[in-house]
Structures are given as C-alpha cells and as structure tokens.
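Heads up, there are several structures right after this.
Here come two complexes built around subunit A, the first alongside subunit B, the second alongside subunit C.
Our next item is the complex of A and B:
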C-alpha cells in the first residue's frame, strides 16, 4: 500500500535522504535511526508535507498529496501540536471537521475514538490539564479518528513514563493486528523490539537494514543497555532498583534528579519499571533509553557497507 | 484500550466540500474571543459606538424623548449632525468612532490567529489534512473580518433599517440608498484590508505578542512618518497615504464619495503595496517547511 521507490531528498548541498526504497503492506514497522538520520524527512515525504527530490512515493497507487491518499494516512508528528484551551474531544472533532466530516458526526467520532483510547473521563477537560501520556493519546486520537489505513507515528514514545509507554505500545500492537500499517519512528531500537514485526534502519539518509527486528536484536545481545530515569526522588527509586537482578549497575545524578542504569536483561528491567511506575506514581517521571547497543549495530552495519560513521 | 476491535474499516460518513472544511477554520478564528467570559464581554463592548449611533438616531428622530422635550421632535441642529441619508453618517462609525476598538480587536484576535497555530505546532498537521495555505489564510481572514464586521457593518445596516422604518419622508429610500450602499462598501473594503494586514503579520512572525506589537507599532510609526512626510512635501498630493490606516480611510472615503479630494489611485496604490508585500511574505512563511528536520 505504501510504496517508496528510490526516494531521495536534498536541501541545497545536503543530502538528507538518498535512494530509499521499501514497501509496506501491513503490520507494525519500526523506522529507526539516530537523531538527524532522516527519519522525520522520510515521514514528511510519506504524508505529503515534503516532495522528494528524486524517486516517488505512492499511497495505494496515488500521490501522497492527493485527497484520496490523505484519507488513507493518519499522522502523529513528533511535536506537541495541540491547542491547550480546547478539550481533547473538541480538538479531535475539529481535526475531523478539517477532514471534511460533518459537525455532528465529527463530535460523535471524536468521543468514540478518545473513549477507545482510554480518555473517556478526561476528554471534556482542557488539554492544558493533561499529562504527557494523555496529550500523546489525543495526538494519536487525531491520527486515528478518520480511520486511516496507515498510521505514521513520529517518535511517539518520547517523554512518556513507563506506564504510558506500555499503554501506547499495546495500542500500536493492536493497530498492527487489525489490518493497519503502522510506521513508528524512533531513535531507540529497543523501544520497537516488542512492537515491530520489521525494522527499517536509516543512517545518514540511507536505508542500511530492512528486516525482522530479531535479526538486528541478535547483534545487540552481547552489549549492555543503558537507561536514564528522571525521578522526583532518585534515592528512593534507587532503593527499589538496586536489589533487582536485572540491574547490572546504577549511578545517581542528584543535581539532575536522574539515575543511569545499565542492564543486560532489558525486557525484565522494563517489566520491573512498569510495575514501579504503577505502584508509586511520580517516582518515575521520565524514561530515556540511552541505548549504546544501537550504536554498535550502526557501527557494525556502517562498517560492513563501507559508509562513514 | 482498543481502537479497532474488529479489524480495519473505513469511516463511513459523507465528506463535505472544501468550503465547509474551511468554514470550520473560519469559525475557530471568529470564536477566538469567546473562549473566556472576559473576552465575550470585551467583544460586546466594541458594539458601543454602533449602539451609540443607533441611540443618537432614535433621539434625533424624536423616537426617544426626555422630559419637556417630548413631542417636540428633533432639533434641526441635531438633524444636520446626524443625517441618515448621508454616507458620512455611516462611514464615520468605522473611520472615527470604531478606530480604537478596531485596532484592539485586530491586535488581540487577528494577530494571534495564525501565530497561535504556529506556536501550537498545528500548521503542519493542518497541511496533512489537505488544507492549502491559501485556503487556510482565507478562512482565518473571513473569521477575523466577520468579527469586526458585526459591530460595524452590522450596526450600519441596523441603523439604516431603523432610520428607514422610522422616517416620515416618503422619498427616504431613493434619497439614502445609494449613499448608504457606498458607505457600506467603503467600510467593507476598509475592514477587509484592516484584517488582511495583521493576519499577514501573524503568518510571518512566530509569536502572537510580537505580531501584535509589530502591527500596532507599525501603524503608529507609519502614521508618524506620514505626518512628517506630509508637512515636508506639502505639494505632493497623497504623500501622507504612505500610512496604511490613512490610506484605508482615504480609500473608504473615495468609495463612499464623502471626500472632495481625488486620491483613489494613490490610496489604492499604497494599500496595494502593503497587501502585496505582506501577502507574499505570509504565503512564503505558510508553505510547509522544506528544511532538514
């Protein structure tokens, strides 16, 4: 349904994307790369916000800028893009109105989608009162409200706490299982492991790997992962984490109210963090995966392809 | 939470034409002051000049009387000041009495309209909805124009209808319709430009407050420049029309036929310059960003 053939994009002398080709038909696909690798540029081309310098993109055989193609795609950008003075329901209904849905149907559908996303009680509150996780759900709601076939999510996990990450992951997983194409970008491979059936790895604007996530994961096995946690009480959080077998090492940065954890069993650690997050609200304010392992995969693949790291 | 419990299915609702989609945007722009109760009250306050004119009309026509003057009818002096068969009676509501309100409304609402969307990061989301920058701009323009038109054009129309329905003169309609229409058209053109220019500034800059400062500051600064230029170059006709507000008033007066001077071309050229300059800059800024993400 999404066909990207030899797509390249240059800005003056700078090549942001070069000769990227792939085809997406179903399931959850991860788009992984370091910051500045070209992920957002590619996403923008796929949703018709930017035109490729070379090559072409087809959404169900049509240009991404055609009205028919736009109806098939939902886009959740990596920036906030919400009006704080509106309620969640008002915002999603307004976006639907801009899609051409009538006022009454838009209101009904907005409430339906936000209800399904778990915002049933909060949808009539002003967005300014929402947590990061709730804001993310509203953004996801506007991307899903017109029932697109493909959903493009740009860095959707950024800034979310473990519980919100888990909920969003579940939702993305379900979307993939119900016949949608979900393209999720992230600079952290680890975030997509449990989600994506397939991963596209981009580096310096080039697609350097395209395949099942386990193949890439295999290259990470012998490397520990690093996570950075922001906490209202880092010492208390450290007390909870130190006894865990999945934590290899832990350092506290009290000036920054953060902890840095190294682990060789990341899946187990994520499970534990989700439980801690659910038990003690606010103890984990933010989670960031400083995945050194991804760098090693990049280095490996880059070296194999003879590219500059 | 589950969004699609039984597999993918399309949203089965009839889609509306483009103008209805843009109408949703225009309504958002129009409703901006009503988000808070204070905003609604402040907006109602802008109807004061129009309502004041209406009350004055009722007084001069003798429909409202006080004490001993009951039944004595309007005084000739009052009637000469407020003649509903003359274009200037309607036009001065916009060019004189509403000025402060017009500047306040454009600085408060129009200047915020697009800058607010940019700050919220919503512009790119709108482009993915198939809304074009031109359609988006026009929708906001219509919203802002309507907001200013209600206390001005709306009141002009109301005053004319009241004057017509209370007039004993059988030839009132034939005597007054053309002057009214010309004043109405002149006022509409003035308001169209008055909302277009700050909306362009709102599209050009990234912050709503900056847009308001630039708009009001620009009006004042160019007003001062036009006064100075007018005093230096006394022999050059229309040199003072470098200031957008003066050019707007002059053009409206030319259309309404309330001025002896023949400065239609000069005022049109001045406003055309500002409209083309700011309009093209605004369109450039509204294009989806083509830059390294």
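Our next item is the complex of A and C:
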C-alpha cells in the first residue's frame, strides 16, 4: 500500500536521505536509526509534508499530498503540537471536520477514539492541563480518528513514563493485529524489538537493513557474539573453554560467578556448551546472549558497512 | 467520501469557522481596536468644546473614523491578524498535523482568508459604529448643532468591508512567506499605505494601494466639503478637480486581493515548513 521508490532528499548541499526503497503492506514496522539518521525526513515525505528531491512515494497508487491518499494515512508527529485552548475532544473533532466530516459525526468519532485511548475522563478538559502522555494520546487520536489503513508514528515513546509507554505499545500491537500498517520510528532500539514484525534500519540517510528481526539476526551469524555464563565454578568452566577454537576471548567475573565469552562461531560454541553442560552438571547454571538486542545488530551493521557510527 | 465541490465548500467553511473561533479566542483584534478607540478618545478630549463647535459633525466624525480606523487600524489589524492566523500554526507545529489532513492547502488557505476577513471586517464595523454613535450623541456640540449623518456610517462600513479582504489576502501571503510578519505589516502600512498612496498619479503605483481605493470611494460617495480636514485627508496630494479621473476603487480592490491571494496560495502550496520540536 505504501511504496517508497528510490526516495532521496537533499537540503542544499546536505543529503538527508539517499535513495531509500521499501514497500509496506501490513503489520508493525519499526523505523530505526540514531538521531539525525533521516527518520523524520522519511516520515514527512511519506505523509506529504515534504517533497522528495528524487524518487517517489505512492499511497495506494496516489501521491501522498492528495486528499484521497491522506484519508488512508494517519500521522502522529514527534513534536508537541496541539491547540492548548481546546479540549482533547474538540481538537480531534476539529481535525476530522477539516477532512469534511460533519459536525455531529466528528464529535461522536472524536469521543469514541479518545475513549479507546484511555482519555475518557480527560477529553473534556483543556489540553493545556494535560500531561505529556495525555497530549501524546490526543496526537495519536487525531491520527486514528479517520480510521486510516496506515498509521505513521514518529518517535511516539518520547517523553512518556513507563506506564504510558506500555499502554502505547499495547495500542500499537492492537493496531498491527487489526490489519493496519503501523510504521513506528525510534532511536531507542529496544523499544521496537518487542513491537515490530519488521525493522528498517536507517543510518546517515541510507537504508542499511530491511527485514524481520529474526531474519536480520540469522543473516548476522558471522558477527562476534557475546555470551554470559553463570557457573558454580567459573574457573573450572574457563579451563574447559579456553582451549576451544570457537572461543575468541574469555573474561571471568569472580564476584558475580560468571564468565563473558566472545565468539565468531556461535553455533559451534553452543554445541560445545551443550556437551559441557551434559558432562558436568551444575557447571553451567545459566546462559544469556548478552548482545541479542537490536542495538548490537545496528552497531554491527554500521561497522560492517564501513559507515561512521 | 467523494472529492466534489460540496466537500470542498464544506472544508472551506470549516477552515473559516476554525479560523474565526481561534481569532476571537485569542482576542488579538481587541488590541488593534483598543488602540484605535483610545486614540480617538484622546483626540476628542484634547479638543475644547469651542473648537469642536466650529466643526461640522460629519466632517469631524469622518476625519476621525477615516484616520483611526480605515487608515491605520484596518490595515494593521487585517494584515497582521491574517499573517498570524498562519504563522501561529507554523510556529506551534500544528500545521504539521493540519497539512496531513484530507484538505488541500489552497482550500485551507481560502478558509483562513474568509475567517480572518469576517473577524476583522465585523470588528472594524463595530468600532466604526461605536465611534459614530458616540459622536452623534453629542449632536449639540457641532456647528449649527448638526451631528454626523447616518450615511457617513454606512459609507465608512462599506469602505471597511470593501478593503478588508485586500489586507487579509496580503497578510496571508506575508504569513506564508515571512518568519516575522509584524515587520512586513509595519513596512506595508508605512510603505504602501502611506507612501505609495500619496505618490504623484504619474508614478502609476497608486492603483496598488488599498488605502487609495478607500479614499476614492469615500470621496465619490460622501463628497466632503472642499477645504475641510476630512476632504484634505481623503485627497492627500491629489488635485481636487482630478479625483474622478483615477482608477475605479473596485478595480484596485480586485487587483490587490487577487494578487495577494494568488501569492499566498502559491507560496503556501509550494513551501515546506519545518517541524518544530517542542517536546
């Protein structure tokens, strides 16, 4: 439904985005990159707020600036931008009425969507009295109010407390499960790990990876992995591991009764550890992959491509 | 939902309604009219009764209303409030949400134009009416006890409603194009409204000044007494006998309003406004 073909954007001499291509058809997709990577520029192009310097974006075959395409997309920007003098319900209704929805229907739908987002008691209060989390929900409400097929959320977790983050995550999950396309951007990688079915990694305006999180990991088997082992006798375990060719380096933490191992052949190491575990009961009490998070995947990809992190 | 003319009309009216409500709630227009009313009160208080008694009611009232409302208040309020109605959304970042709604930029801008024109036009008319009736109620003060006639008020209101759309169209262009529209507003009033409207006719620029059109309209319809302050303020440097030779007021209105609106729509549609992070 959303087609992004070789989209690039320059501001004067600065290339903010370079030839990015992807398609979005369903599910929750994470747009990951550090601050200044080009995420917001890409989002703004997708919703028609900015024009690409090269390439094109199509929403169901239409230009993203056309009113017809905008009915299909909801956008929640990363900046706090509301009319503080209105109530939450009024603001969402005003946005709906700009779409051409009648007054009564807009009012009803605004209340319905804010109720779903947990603002049932606060929706008739002025926005200036809202907390950050409530303001975020109003922004999300206006993005969802016209029942779009795709929802684009730019850094939606910014400034939210843990409870509000959890509620927003649940809402994003729900949207993904009800057939929406949800594109969520973040520079905090672990936020998206549990949320997204697919991840687009952007660095310095370039798309450096695109795929399901598990596929990305599979492709990265050759990268060095760090494992953390808890042991009743870490010195004895270290004696067993040091001679193995699959172990690149090993560090013992006596205080914590643990070992940290770096390996470039994780599958081989796992086989060896299984054997050690079977031979000597209790020698390996716990095994944890220390760098399974998206953060490390991202850092590895950036380094492998010879890009500046 | 179809994209037909009914939908576009509904969106224009909604954008106008929202613009009107926001302007009324900010009460910014009260500032301009407050200054105009205060200026008039001070002027009236400064003149002793014996001096007032040498004036005809319609001459003095016409002069005060023209100078405070039509010459200064209306251009300042019209241009600045229209510019602010756009600039405020740009600065707050709300434009980043509004522009993602299913409304074209031209439709949104035209709605803002109608809303601002309505607020400034109605408030200017109210100020004119308040002043007119205040001065009319002192009928016995004027020369021969003759206060201002109702025709004066109707013509003044007509001139205000006629010229306000030119100012708001230009104001929307300033708001869409400039980061500090207040500077452009002041430059416009000082440069176009005061300077250009007093240039010699041969310069060929006066037809771009809405004030010049207002003056001609008032001269044609009110025919002020030659030599009075009111007549002098309407003529500027024009020779008395050539007033009717100049460009028709409605031609000036159409030219300035259409040009202002075209520039505003073109700028607003083609420009990318940066997102403002406030989190």
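Convention: the second predicted complex is superposed on the first by the 222 of 309 C-alpha atoms of A that agree within 3 Å, B and C clash if a C-alpha of one lies under 4 Å from a C-alpha of the other, contacts with A are read in each partner's own complex, and residues count from 1 in each chain.
We take it that a contact is a pair of C-beta atoms (placed from the backbone, for glycine too) under 8 Å apart; a residue touches a chain by one contact, two chains touch by 3 or more.
The structure displayed is predicted, hence computed values, not measured ones.
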{"item": "Superposition on subunit A - do subunit B and subunit C clash or fit", "value": "clash"}
{"item": "Touched partner set for A:240, first subunit B, second subunit C, both or neither", "value": "neither"}
{"item": "Subunit B versus subunit C as contact partner of A:49, first or second or both or neither", "value": "both"}
{"item": "Contacts of A:179 with subunit B and subunit C, given as first, second, both or neither", "value": "first"}
{"item": "First (subunit B), second (subunit C), both or neither touched by A:117", "value": "first"}
{"item": "Partner with the higher number of touched subunit A residues, subunit C or subunit B", "value": "B"}
{"item": "Subunit B versus subunit C as contact partner of A:165, first or second or both or neither", "value": "neither"}
{"item": "Touching partner for A:107 - first (subunit B), second (subunit C), both, neither", "value": "neither"}
{"item": "Touching partner for A:75 - first (subunit B), second (subunit C), both, neither", "value": "both"}
{"item": "Touched partner set for A:98, first subunit B, second subunit C, both or neither", "value": "both"}
{"item": "Which of subunit B and subunit C A:132 touches, first, second, both or neither", "value": "second"}
{"item": "Contacts on subunit A seen with subunit B and repeated with subunit C across the two complexes", "value": "40, 44, 47-50, 67, 70, 73, 75, 77, 79-83, 85, 94-95, 97-100, 142, 146"}
{"item": "Contact footprint of subunit A on subunit C as seen in their complex", "value": "1, 3, 7, 10-11, 14-15, 18, 22, 25, 92-94, 96-104, 108, 272-273, 275-279"}
{"item": "Subunit C-touching residues of subunit A, taken from the complex the two chains share", "value": "40, 44, 47-51, 67-68, 70-71, 73-75, 77-83, 85, 94-95, 97-100, 132, 139, 142, 146, 158-159"}
{"item": "Footprint of subunit A on subunit B - complex, ascending", "value": "1-11, 13-18, 20-21, 24-25, 28, 35, 116, 120-122, 124-131, 288-293"}
{"item": "Of subunit A, residues touching subunit B in the complex", "value": "11, 14, 16, 36, 39-41, 44, 47-50, 67, 70, 73, 75, 77, 79-85, 94-95, 97-103, 105, 109, 113, 116-118, 142, 144-147, 149, 167, 170-171, 174-175, 178-180"}
